[in-house]
Amino acid sequence: MSVLILHALYIIAITAEAMTAALAAGRRSMDWVGVCLLGAVTALGGGSMRDVLLGHHPLVWVAHPEYLLLTAAAALATIAIARFMQRLKRLFLFLDAIGLVAFTVIGCNVAMEMGLPVLVVIVAGMITGCLGGVLRDILCNEIPLLFRSELYASVAVVTGALFVAGHKLGLPHDAVLFASMAVGLAMRLLALRYSWHMPKFVYNEEWH
Amino acid sequence: MSVLILHALYIIAITAEAMTAALAAGRRSMDWVGVCLLGAVTALGGGSMRDVLLGHHPLVWVAHPEYLLLTAAAALATIAIARFMQRLKRLFLFLDAIGLVAFTVIGCNVAMEMGLPVLVVIVAGMITGCLGGVLRDILCNEIPLLFRSELYASVAVVTGALFVAGHKLGLPHDAVLFASMAVGLAMRLLALRYSWHMPKFVYNEEWH
Amino acid sequence: MSVLILHALYIIAITAEAMTAALAAGRRSMDWVGVCLLGAVTALGGGSMRDVLLGHHPLVWVAHPEYLLLTAAAALATIAIARFMQRLKRLFLFLDAIGLVAFTVIGCNVAMEMGLPVLVVIVAGMITGCLGGVLRDILCNEIPLLFRSELYASVAVVTGALFVAGHKLGLPHDAVLFASMAVGLAMRLLALRYSWHMPKFVYNEEWH
């Protein structure tokens, strides 16, 4: 049951990620192919990066190439409905938050099933949750938003840590899964609502 | 026979890619080491990315380190002959088009021999054909040209799709190989000649 | 014995790399999470890239997650002591040079133990020594310094080539290790002291 729900959340999340990435592509006047590529890379890049770093083959989109079609199609469809999406901004921020915590627990799960150390499990969750957006920003030639935004990576770390801790305590898988996602989701939505930010480090001396 | 021709096209193409990447390095005043590195990464990066994503080891340049020397030397030689290359611009655009379709069918072939699904085979071809240039643009701190240029990725997709379709139809390997490359090459050259572009998606609303 | 010294140099070097990366993060006003991430990626990214390209799993930080904590903590501590680091600039440039040659011989060693060709061994050393900084510059949205700085990649190539040559000549491992590191270190320090640079390639014609 929980597997089905998590899978549904995953499908919703990669679709939403691809659609917001398409808007980022549009801000840089990319062509339709660029829109599709940026959508697919953003939606599937975090999981791919995790699998490459952990040596976990085949990658998700190699085993399920239909996700490539889904994300590319979602990005392409965004071109047609972009004018309406502005009004749906809150919905998409909510779906993005769902994606962040769903990707994170999925990534933690992959690393946990590989028998990796606790810290690596948490990092695998963070990579899965956050690196799609980092790749999007690099391809858009921007400093990754992750490094400056509302508790994004922190939410992944907290979600992953709760997920791991629950398992170490021997709590039931489903309870751990949804509790860690719920806490992470609440944290992200509160951060968005009240503009919580991590403190910034500002340093102005040049070395070179 | 077709293996030999394809191999010769591959050698010509990585040399040409390294040389045009050297010019991009020169536009950013990189030093000689940077020129060599950018040349090698651009020429060999697409295939490396494919192999890393598919878990297909060893990578081409690990099995054939002489390609590292060839591409670095070609990039270095470009420094000496850069002044003449402007006049050869058409030749290099032609060689780049050859490289695009040759890399694509080689990439499709690798994925097909691994028994991967059709869609992954086509994507493997596109990655092989296009990602060297994306890496070059990222290292030059630019938005990848791929996302905005004349049918570049589209040519790879069409070439790869024809290659896969021909094989599925049971047509002879050599015929499929050269027919798909010929169609892709014609499409790219026509796109360059008549400045065909994919439509752009322009979107100006900020979300954040 | 030499293993212990090399390990100590590695620990010192990843700490120093994380700290200078933290200053780069501060120059772009990243938040504390960004500082930690940029520190860990810069310190551990070169070795990770080598292992991913060579298919050498598990990666260093997967086998030793304590290095993630060490580098993230070093980066975070840098926020507190940044004002004093300016005076320690020479020390950090020295530690960075130590890191460059230590990472390089470690990388060469990994590839040599995998039985890879000589040229790949040298390239593996260069990737280990230099790519952390390239990742840092990409994430900071800059053209990698590597492509324009004082003999950085060249030092890695010379260090790696001496290391490989010494082994091929059958000289004792420890002597080869420290001699190649000493030559590389001297070369880097002289390059810094006298501002030695590779010649630049400047090319101003546009092609597109």
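By letter and in written order, the chains are A, B and C; residue numbering begins at 1 in each of them.
Just so it is clear, contacts are C-beta pairs under 8 Å (C-beta built on N, C-alpha and C of every residue); 3 or more make two chains touch, one makes a residue touch a chain.
What you see is a predicted model; the values in this text were computed from it and never measured.
Chain contacts in this assembly form a complete graph, since each chain touches every other chain. Rotating chain B by 120 degrees superposes its CA atoms on those of chain C, with the angle stated to the nearest 5.
In terms of their C-alpha centroids, the spacing between chain A and chain B amounts to 29 Å. Counting partner chains per residue, chain A shows two or more touched chains at residues 52, 55, 138, 141. Every residue of chain C that touches chain A in the complex is listed here, in rising order: 20, 22-23, 25-35, 37-38, 48, 52, 55, 57-59, 61-62, 65-66, 68-69, 79, 82, 86, 89, 138-141, 145. Listing the residues of chain B that touch chain A in their complex gives 52-55, 116-120, 123, 134, 138, 141-144, 146-149, 152-154, 197-208.
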